[in-house]
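So, here's a batch of structures to check.
What follows is a pair of complexes built around chain A, which joins chain B in one and chain C in the other.
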Partner chain A sequence: MSRQLKFNIFRFNPEDPNSEPHTDTFMLEETPSLTLFIALNKIREEQDPSLMFDFACRMAICGSCGMVINGRPGLACKTLTVELPQEITLMPLPVFKLVGDLSVDTGTWFRATNTKIESWIHTDQEFDPEAIEERMENDLANSIFELERCIECGCCLASCGTANMRDDFVGAFALNRISRFIMDPRDKRTDPEYFDVVGTDQGIFGCMGLLACEDVCPREIPLQDQLGILRRKMAFQGLKNIFKPKEKGRHRRF
Partner chain B sequence: MSSSVDTAIFVKPPTRVSAYLDWLQMLTGAGLIMFMWSHMVLVASVNIGPNVMNTIAYFFEATYMAQVGGPIIGATMLLHFILAARKIPYTSDAQGVIWRHARMLHHTDTWLWLIQAFTAMVILIMGSVHIWTVLTNLPITAAKSAMRVQGGFWGVFYLILLPMVELHVGIGFYRIGVKWGFIKRSGRKKFHRFENIWTGAFILIGLITIIRLWTLPIAGN
Partner chain C sequence: MEHETFYTDLLCVGAGLAGERVAIAAASAGFDAILLSLVPARRSHSCAAEGGMQAALGNCAMGEGDSPDVHFADTVKGSDWGCDQECARIFADTAPVAVREAANWGMPWNRVVAGKAKYWKGGEEFEAEEKKDKHGLITARAFGGTAKWRTCYTADGTGHTLLYTLDNKVTQLGVRVHDRVEAVSLLHDGANCIGCVARDLKTGKLRVYLAKATLIATGGYGRLYSETTNTVINDGGGHIIALDTGLVPFGNPEAVQFHPTGVVPTNILVTEGCRGDGGTLLDVDEKRFMDIYEPAKAELASRDVVSRWMMYHIAQGKGVPSPYGDHLWLDIRHLGAHHITTKLREVYDLCRHFLGVDPINQLIPVRPAQHYSMGGVRTNSDGAAYGLKGLFSCGESACWDMHGFNRLGGNSLAETIVAGRYVGMKVVEFLQGAEVTLKSSMAEQGLASMSERIDRLVNRADGAENVYAIKDAMQLVMMEKVGIFRNGTDLQAAVDALREIYAKAKKIGLRSSGIGANPELALALKMPGMVRLAICVAYGALMRTESRGCHARDDYQARNDRDWLNRTLAYWRDLDADLPDLQYEPSTKVMYMPPGDRGYGKTEIIPMDAPKED
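This part shows the complex of A and B:
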């Protein structure tokens, strides 16, 4: 006999002045290969059409359906109910602005953070649409792609103790992103310039190494390794020319 | 996160302060870890014989390492506290955030950090008291240590301080390993298990040593 799943779902609509944060309970019969994504759609279709949650791709590529599943941030579409106990509690991701119920606005945060860390290739090379694409060693391309797989779902931020306490911390997402540009030979930024971006307490030195990001990342991006490499790189960069601090970074020193 | 513009950006050029402080936090931590483990081994020499401990203690005082090194260790501990405390939330609001976060997440490494922060406060007080007591009462001898422990108050004092210190340095050791990238993803589980066993072993050695001091006949030592 299949299980009767009990869903405790956080409900709150900030747009509605009469709405109070509370938890609603829904019962749903478990079916084979049931994911939280399917379950939520069923609940919305059959029980409560006002339930708010995000999804688009249903295959762990768009990063929209991040939510806190029994305490752990994860993707609803990638989580099978068989892996969960009979009682399932769903909460919206912390850190991000609540849109309503399980839906949060990750977009504004990611946009701002990407702008802050200048998350694009910095080059003075003029783009020539006629030219043959520049070649790159396959191993290097693969290792860049490994970090490029991030889908900006926000689970690393939501699980991060530092990000929960301090709203100026850029989180594993941005640090992984910068690592990707450091690897990329097309990005002409120098180490002192990267240091200006993440060599701070808002950047890599704010990371306390709790590794929840590593443990919840739905894409299993090697965050522990990247954060370690970046910390060492930036820490040594901080020591370079320690006795003549007038080296030229992007920002002029006073 | 706030998306407001930092209007002070032009008057505050990026500095290297964060990097220096992170280095110092790690290096003072690593130094204190090494010290605490050596300290435990040296005190545990009383289990081999009170004279072994007395000889070692005499060596450290004859070379003035205790008189000079002791205050340095105390100062290093305070410096490490100030550096690491930058990460510990001070307002009850932020403390509530990290507490609820840890309870929500069911995540070992996050709990370990809370243990680190809690034990840090206990060690700050009790460690300072211990350093003061020992250094103002030189020379160190097995008999004097035994007498202190057998008084009861100090026996309980050390029964509390021992696990606090060993947990703090054990977790700190693990944290430095994973945070600075010395331990990779593939080695983390193994390293974690090693750290648990290692910490357990030191707590056990410490307990045996406290029991030994508690039962040591004082006359003649």
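This part shows the complex of A and C:
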């Protein structure tokens, strides 16, 4: 006998003046290899066509479908119902602006934060189409890729104590991103410049060390290590700044 | 009507790699650009490209002696001589520059490690010496249908990493990205394209974009099929708005590729890199079979050829029975834990999470699934669409057309930033000479008619057909009758069925309110257009009475260069009609490489100069 799954789903349509936040319940028969991607689409197509949620790749590489699944942020597409109890409660990710039901606006948040931390290679080197590429050790390329694997799904922020209390905290996502650039010799920023970006309370010193971010990261990125390394590096830079005050106008601000 | 209007020089519909690369070109030249995207840009389908992009750098041992000439020849053979050879030439020449440029922007390409290295080919291990003087340069892996190892990669997350690299550049340049905005119709005066009407998918409100140049870079139309590796947003949205003008043709709609290794049952892709790195295909007896059908290339023949042999082998009773139908096995166990958990890490993860299979010790169930759209918005070699000035297209959405009737693995990711770089340059030239005055009044009619369409859907003015039932019916017809093996009877039945589905699609009525970010309305707005695209694919396939590349007709098995060395151009001039007008043009204006044998995939060929039959 297959299970009759009971879905409790948060509902609210901010564009509809008659809509109030509430929970709707849907029943669905469990089929083999059922994922939340298949289940939610079935509910939408067969029971309630207005149900809002986000999926794109449905293979855990695009980061669209972050939601709170029985109290824990995760990617819905890679969640098999067989791993869950019969009653499944789905809520939208906190921290991000609600679009409706389970859909949140992660795009605006991540673009603003990537702009704030200047998430790009800082270099004066012009590209020369005639020249061969600069050499790099393969191990280094692999190490950069390890951190570059983040898919900006937002689960780390949804699980973060600081991010839930303060909307100016850049979160594990951005600190990991900065670690990626620190590691990359093509980015010419110096430690004092990185310090200006993340050596603050909105950056690494806002982290309370609860480390739920690492627990929920669907990409299994070693966030705990990266946060630790970055904290030591930035604390050391902070000490250096005390003994050698910044020259006026030398550092970039955001 | 109250609405927002945005003015810009370049409007890119689609913010995957192709759209972003063209926007970067325009912004770098000092022009204003806006990117529209159905999803946050970094969630575009470009991120799903795993294995890599082809560029003839020739740095790794197995790539030695490679050059753009060899890459060009592989691409033309791969296309089964269906491609535009001028574009294939531009592409092969530009690819190395585009790869290095991406490195300059931060792309962590994998690099050559000097010394002896062990590789696998067809289940056999062999050794190669990576040269000292190449140490640290960009390396490459093998992909199907190539004479040399040419596919540059970052593990098996190449598309993801490249997309993030380009989006970083977009962020740096301050290009405006309007995500969760869908272009729903193009604005034009019969000669010039001047932007689009769009729907804000966060609020449901309509808005207007007026632009001197508009680019369609919306990816493929895989979601016309029920079993596809494509992301849910690859629904042909860009093709629909172009075709709906009645002026812009859909080039080679019937050119649809099936990838050999979709996993069963979810159709998630496992990269061709698995076979490139030495993985093999096994049947129910756990025996290889590709080496029997294709002695030279075996598992690494082109995708159309491997997919066909797989289906043929299953038809011979050699498939593995499962509740989801017969399938075959992909075996990468011999590559070992280290290789699988580093160079094929995404494959490792998705097998465990979605299948409960550990590919280090277990076989992966695979079957061909729809994968790539070679057809698309027909453009010239500058990326300028036929039929409307100021309209461009680039990437998978375009029929530029470097892929003809079959795309090589590693050539699609490459096309996005290679064609993007080239077309970007041409768009900049166009903008430098553009003398368009944009007035908000130009959008009034387009806006009013879209608004009326929405009202009719919400009020069920035309009927109460269920949009999801129509989508399912269309996808099933396409899968069953316009798939890997095609024949006249099935294709005619498909066209007939799709015409009936189209009649219903015009009578859709919403079951929900349609207020706000309503998903039913979003689908209902594009459903008739999707069925029109499906009819173009089925009808184009029915009329093409030959076999070429991925278009394999049981009733016309020969490649017919005498009558069909051409490209289909499907026009939909009248929305009340239920069939497109098909025209044809020669496949290529310049013929660097006359039609010949591909060296894999046995086919009879009717030569160009064969006498006509009566």
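The rule is simple: the second predicted complex is superposed on the first by the 245 of 254 C-alpha atoms of A that agree within 3 Å, B and C clash if a C-alpha of one lies under 4 Å from a C-alpha of the other, contacts with A are read in each partner's own complex, and residues count from 1 in each chain.
To be clear about the criterion, a residue touches a chain if its C-beta (ideal position, glycine included) is under 8 Å from a C-beta of that chain, and two chains touch if they have at least 3 such contacts.
Since the model is a prediction, treat every value here as computed from it, not as a measurement.
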Touched partner set for A:Val99, first chain B, second chain C, both or neither: second
Chain B versus chain C as contact partner of A:Gly238, first or second or both or neither: first
Which of chain B and chain C A:Thr200 touches, first, second, both or neither: first
First, second, both or neither for A:Asn8, with chain B first and chain C second: neither
Chain B versus chain C, judged by how many residues of chain A each one touches: C
Partner chain(s) touched by A:Glu134 [first = chain B, second = chain C, both, neither]: second
Partner chain(s) touched by A:Thr113 [first = chain B, second = chain C, both, neither]: first
Partner chain in contact with A:Thr190 - chain B first, chain C second, else both or neither: neither
Contact residues common to both interfaces of chain A (with chain B and with chain C): 108
In the complex, chain C residues that touch chain A: 39-45, 47-48, 97, 99-101, 103-106, 108-113, 135-139, 154-155, 157, 160-161, 164, 167-169, 171-172, 177, 179-180, 202-204, 231-233, 265-266, 268-269, 323, 342, 346, 349-350, 353-354, 467-468, 510-513, 515-520
Residue ranges of chain A touching chain B (in the complex, touch as defined): 68, 71-72, 91, 94-95, 108-109, 112-113, 159, 161-162, 164-165, 167-168, 195-196, 199-201, 203, 205-212, 214-215, 222, 224-225, 227-229, 231-232, 234-235, 237-239, 245, 249, 251-254
Residue numbers on chain B that touch chain A, as the complex places them: 1-3, 13-14, 16, 18-23, 86-87, 89, 94, 97-98, 101-102, 104-107, 109-110, 112-113, 175, 178-185, 188
Of all residues in chain A, those that touch chain C in their complex: 13-16, 32-33, 35, 44-45, 48-52, 54-64, 78, 99-100, 103, 105-108, 110-111, 114-115, 118-121, 123, 125, 127, 129, 131-138, 140-142, 144-145, 148-149, 151-152, 184, 186-187
